[in-house]
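The structure under discussion appears below in the form of structure tokens.
Think of it as A, B, C and D in the order they're written, each chain with its own count starting at 1.
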Amino acid sequence: MLTLLILLPFISALGIFLPVSKKFILKLFIAVSFCHGLIVALFWMQRPPVEFNGFLVLDPLGLILLSIVSFLFLSVSVFMIGYFKHEPRSNRLLTVCLLCLLSTMTLVAVSYHFGLLWVSIEATTLFSAPLISYHRNQQSLQATWRYLLVCSVGIALGLMGTFFLAIAAHDVHTLLLPAILKGSSSLSLNWMKLSIIFFIVGYGCKMGLAPTHSWKPDAYGQATGMVGVIMAGALTQCSFLALLRIAQVCNKAGLTEFYSSILIVSGMLSLLVPALFILGEKSIKRAFAYSSIENMGLLVLGLGLGAVGLFGALFHMINNALAKSVMFLTAGSIAQKYGSSRADEVKGIIHIYPLTGILLVAAFLAGTGMFPFATFHSELLILNAAITSRHYCLAAGGVVCLGVMFIGVAKIVLGVVHGKPREPLLAKKENTSMNAAILLAVVLLVGLGLWMPIGLEKMINNAVKLIGAV
Amino acid sequence: MEKYFQSSWHVPFGEFSLKFDPLSFIFLVAVIILILCAGIYAVGYMRPYASKRPVGLHIFFYLVLSLALIVIVLANNVILFLGAWEIMSVSAFFLVVFKDEESDVRRAGFLYLIASHCGTFLLIIMFFLMASNSGSMNFDIISHAPFPPVLAGVIFLLAIFGFGVKAGFIPLHIWLPHAHPAAPSHVSAVLSGVMIKMGIYGICRVLWMIGVLPDWCGYLLLIIGVLCGVMGVLYALGQHELKRLLAYHSIENIGIVALGLGVGLLGESHRMPFLAVLGFGGALLHVFNHAIFKGLLFLAAGAVIQKTHTGEMDRMGGMAKVMPLVSILFLIGALAICGLPLFNGFISEFIIYFGLFQGIFHLPLQGTFVCALGIIALALMGTLALACFSKVYGTVFLGEPRVPKGSQLGERISLWMCIPMIVLAGFCLWIGLFPRTAAGIAFLGGAFLSHADLLELPMDNIFSPLTCMIGGVVLFLALVLILTYLRVLFLKALPASVSETWRCGFSYVTPRMQYTSSSFARLILDFFKRILFYKRTFPQVKGFFPQSASMSSSVSDFFEEFLFKPVFGKLTNLSRKLDISRIRYTQMYLMYIFLYLIILLVWKLK
Amino acid sequence: MLIFSHWIIVFLLAPLFVGVIAKVKAFFAGKKGPSLFQPFFDLQRLFQKDSVYSRTTTWVFRAVPIICLAAVLLLALLVPLGPFKAPLQFTGDIFLAASILGLARFFMIIAALDTGYSFEGMGASREAFFSCLCEMILFMNFITLSLAQHSISLSSMIGGNLPLSWKLWGTVLILVVGSFFILILAENARIPIDDPDTHLELTMIHEVKILDHSGVDLGFLLYASAIKLFVFAGILIPIILPIEPVNKVMDMLIFLGGMLAVSIAVGIVESTTARLRLNRVNHLLLIAFALGFFGFVVKMWKG
Amino acid sequence: MTSWVDVICITVVFLSLIILSNYRVAAMIRIFAIQSFVLGLLPFFLHAFCISNRDVILGVVTMVLKAVLVPSILFWAIRHVSMRSEVKPIIGLSASIILGAMIIAGAFWVSLSLKLPGKPASDLILPCSLSTVLLGFMIMVTRTRAVTQVLGYLIMENGIFLFAVSLFDVMPVLIEMGILLDIFVAVFIMAIVVNHINEEFEKNPASVTFSKMGETF
């Protein structure tokens, strides 16, 4: 079943290389996303069996990530219907890369072997790189280049981390997760520590944790909205899954203190850095990229704080994905309408495209954690974890950074939403399917904010138990 | 008196727990009255916009705001409270930016949103500190846990800052004078009447939960009250725009409330339940009163503005003849806000004065001193408010119109707009003349807040003077009637003629030569110019036949101009600089990774 | 009944008080001066005159004389006059006094603005400004007195054993009396703060506000200001002179003597000092406030 | 046999240093090819006298990929680029060499405290691979051209490879192949991007400096 899930998008990606029409490609993509979504939904009822000698396992952690990925692809596919109505360019490369990404991200979610995990994460980097350069202009190429280079270096460090882990687990003789967990008492702690540092820095690059975040504003600023969603919502969280896997090992090996102290520092840096940069920012997408860095910071902060924080972090994974999908899809729809997403070029959206304007405001509120959106709860959980674990300075600093971040994003978004309207350069109508895709995420996010399903809570609790934080 | 409504609400730490107690009752009544009145008013007020703007959306947010306000005062759970709090902030933001093409309005909305959100962050920390002390997110359980004094102090400070942003404590008030004039008038009424009171409600709720605080907290609140009150009214005096002036007056009134709360706190920390009840009760009553009369004033101001299409007081005049009913209603509001007898402001200010004097008699030396300061400040506030509102009433409603008559014919003021104002004015008069009920409820709230038993306190010590006071006021009314009768008698025999105002011999006089609001306020502002940064600019008039010249005066808000603007500007500049110098070479990106790796290795593996 | 006796005293003696001041001033100017009863004649003449109203004005303008007179009449009831105790006394009546005066002031100011001319506006503006300072002085003195007597009722604050405690609080009371005397001059528009006799509109405060009133209205206003002066002096006297409830005749004599002394003092000040420049007035008022504050500090020091 | 492993390790580090001290791109690629070839020999010498299938496959694939295919892609990439040599390294060449030497010393010093478990083929493996990784990193940081950065990345990978191949048999062959494939594809895509960047330059030579970064779209 899992193999099928991984292969399905991959095979259809190969199919696109045949000479088929644009419409067919679109339909195929939608079909694949829906199938993927359906299968993942089935997994919620019945977890699939282990495959490939325990290399592929779907545990609650993986299921959460897999559902996020699947949902994001679903909403992107709906969005795409509208997007390509107005887009003269071919969708072939985009779709191929997206499908391959879907395949590899599924692999990330289900791989239970650290080597396989590495391979699949590296593969996601490679398939996402061409997506950034979709617009084929100088800036987007530059952004792609930076993304590729930084992430490759990060991934290389991650590879070293994997090797160090292998050395540490010399006695276990395998990198399969359950085996390592079982033999955690025999792990060599020094090598473990080295490996943890390399893991955090390496996968942190991919996640965009400060100070290795620098590719993010460029890449997200250049990518189309859909790609932004996949990258900010799914790709970064795939790397977070890698960190969670390490956390499992660390907690078992009694290195929680060591691990969490680094994560807390990383998290704080990731809250601080975007706060420093955001106030001077002009472009919506870049602002959202900073917001993404901030959210990654929150995630690792929650992981570092453990207990309630961990629950919050896992919940925030879901919320962040939904919020990012709202944010970047809206930004993408604006960018398509105006040919720009800069605050000084776009004004008064709400008067010309009322729905898009409202959605943009919703995106902003969701991204900054306002109440009816579920991000509010997860942020609170993480802050609460900071306070209950007596990290008062942390909570205070975090709150200041979040506040500055809010100001920065508000400045840009409200500048775009309100004001005397400027006619769009490429006069286009609101598109139902684009808006529907965004609305779906908004509704889900609000729904989660107002009522958390019992099943989800159980699943997250299972995942927390799995990580075994104290 | 306490009633609960419990229901499950499945979000992390959440529970849908509502609690009804005397404290929430007072705020709830204020909220409901004002929301209903402003809502009915809006029907008339929004009519001219109906075809031009998304009024439906506006109404939606108005309803959301109403709901949020109600939930806030009833919430018994931290998450529920914070959620409703955020909803309130956001929906109020949308109400404020109704006319978003105007850059002032946008700025106001932005300022408001960031101010309230940043305040919320402090609240989050505060509530979590409380929750971690007691291990629950339920207000009741939190209130049962004892608080160590240091923690209590920290929580108190966080509450002052977090809720102070919403309440408009100086220097956190800067959003307030922008947001209120920017919003449509019924929204301003709700914002000023009840929304900023939610800050006060929050502080009260926290005080209730913590129980006894160290006495410096009381002094702090008193000082804040003095600062807010005096500065608020002085800034108000320097304004030329009607609604902005009213907005600054909200700050003043919040200051008065803070004075009351400070007295209450002192009473609590010095174990004087009567003093505590007086202070808290006075503050709560003033909260309610301010909601009523400020709502009335904003609604009346809205009617005037709709008629004249301007908020500039120096372009108005003689409105009493154009809209007699509104002028009387405004006068009632003005008298009430100045704390003059007959109306409700007088009652609450009297109770707070009374509390301050009790404080003088019974508190230790520093308490006496601070209370005396409070009394003097309250007296000063009272007269300054009097000066301010006589200026407003005189320039807007009396005298001659300062602009040609034709320009004052805006929309007709419909019945929808008048009835709510009349109702509010009725409340002013009711509490002003029959204060026993309202004061009794307020004292109930005060007793609840100070965990005291009302029955054991000598409440007659305050009720009997109150009754005598009303007796005096009634006597005054009787005197007025008698004298009116006398005057009629005198005048019956004598002819009265109508003519021009006597101008001491000047013949060519235009309405523009009247004293304007700016010239009226000049003496006072000049006196306080050092703290108000009062500036007047006028060109030198030269030659025998000088060209037309103009003069302008302005008061700059110290905290906005010299505190927040520079800091924010510096931060933005820093951010821009960082962004420009954002290293263009990809190598540097790699360098960061490298350095970070090295630092981690050195730090962790040393 | 007590109420009416109070009012009768006030109605009879207040204009007389003004007459005495005028006499003293005339004496210092080396003139014979008008009769002591001249204020009565003036009032009588005004009550018989017809009125002219400006077209600009509204009901506010007409209501003001009534409100002012009613306010001072109510104020009079709060003050003990010699052997006659204040008919209206309760804890916190000082607030009634202050706020009823405030109400009258509010209407005075808006009535002045109602005429729609800058002279009246000028007067209104000055009144608004100086009343701020006066109110502070008033409350400062109230605080000190209330601390001394542990009461916030006007009658007990200024009555009781206060004059007997001059030995104990002498310094405090001197300061209070000084401060209060300046307050009386300021509140009642006397030299050196304001000149009740001049007609130079640019320099006036009180007179200029009532420039447009005529006939009965003006009469009411003049009567009101005379009563106000009288009542304020009536507050000052019990602070200085012992009035005991035992001997009514003696007390009446002491009271009248005190009134005479105050009026002579006012007259002397009016004759010997020049009117202050407008921008110096606030300095004088601040000095009065400082006196009051000093009194408060000394009181606190002495415990 | 151990001494052969030692020789290979030393050679790899030495070649990295030479690349660091070079500024001609073509020469750098050639040296890199040699380095990769040497590395490809490593599996054959690892397990003395008992060369397994696994070692053969690994060695051959490495040689083919890294010593042949990757350099030819890089040559293809720079063929369209008119520049043949590095324009300006951020740090001068002699300074680079001195710094490189210091880095090698540092890597050896760090390795002192790290003890490999089991019985490694040579005690030089850990310090040498660390040095190579760091040198590769240094090349990436100090060189401004895209191609040279790719080279730096590749050298880094070589360092990791040195470490990985020689140390253990934890990884299934499939995974190791995956790793190799990933790296190959990475280089492939990088080369394409480099090429595209170059095309963009030629279309619009005014903006060579990349001054305006990523604002629109």
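Remarks
Operating definition for what follows: contacts are C-beta pairs under 8 Å (C-beta built on N, C-alpha and C of every residue); 3 or more make two chains touch, one makes a residue touch a chain.
What you see is a predicted model, and the numbers here were worked out from it, not measured in a lab.
Two chain pairs are in question, B-C and B-D; the one with more C-beta pairs in contact is B-C.
Taking each chain's centre as the mean of its C-alpha atoms, chain B lies 35 Å from chain C.
Centroids built from CA atoms put chain D at 68 Å from chain B.
The geometric centre of chain A is 78 Å away from that of chain C, both derived from CA atoms. Rounded to a whole number, the gap between the C-alpha centres of chain A and chain D is 30 angstrom. Listed for chain D are residues 137, 140, 149, 210, 213, each touching two or more other chains.
Looking at chain C, one finds that none of its residues touch two or more other chains. Among the residues of chain A, those touching two or more other chains are numbered 145, 149, 153, 190, 194. Here the touching chains pair up as A-B, A-D, B-C, B-D. Those residues of chain C that touch chain B in the shared complex are 47-58, 60, 65-67, 69-71, 73-74, 77, 88, 90-93, 95-96, 98-100, 102-103, 105-106, 109-110, 112-122, 124-126, 128-129, 131-132, 134-136, 138-140, 143, 146-147, 150, 152, 201, 211-212, 215-217, 220, 282, 296, 300. Residue ranges of chain A in contact with chain B, taken from their complex: 145-146, 149-150, 153-154, 157, 190, 193-194, 197-198, 200-201, 205, 211-212, 214-215, 258, 262, 276-281, 311-312, 315, 348, 350, 354, 365, 368, 370-372, 376-378, 380-381, 383-384, 387-388, 395-396, 399-400, 402-404, 406-408, 410-411, 414-415, 418-420, 449-454, 457. Against chain C, in their complex, chain B makes its touches with residues 317-318, 320-321, 335, 338-342, 346, 349-350, 353-354, 357, 360-361, 365, 368-369, 372, 375-376, 379-380, 382-384, 386-387, 389-391, 393-395, 398-400, 461, 464-465, 468-469, 471-473, 475-476, 479-480, 483-484, 487, 490-491, 494-504, 509, 511, 513-515, 519-524, 527. Against chain A, the residues of chain D that register as touching in their complex are 113-114, 116-118, 133, 137, 140, 146, 149, 153, 156-157, 160, 163-164, 167-168, 170-172, 175-176, 178-179, 182, 185-186, 189-190, 193-194, 196-197, 200, 204, 207, 210, 212-217. Of all the residues in chain D, the ones that touch chain B in their complex are 90, 137, 140-144, 149, 209-211, 213.
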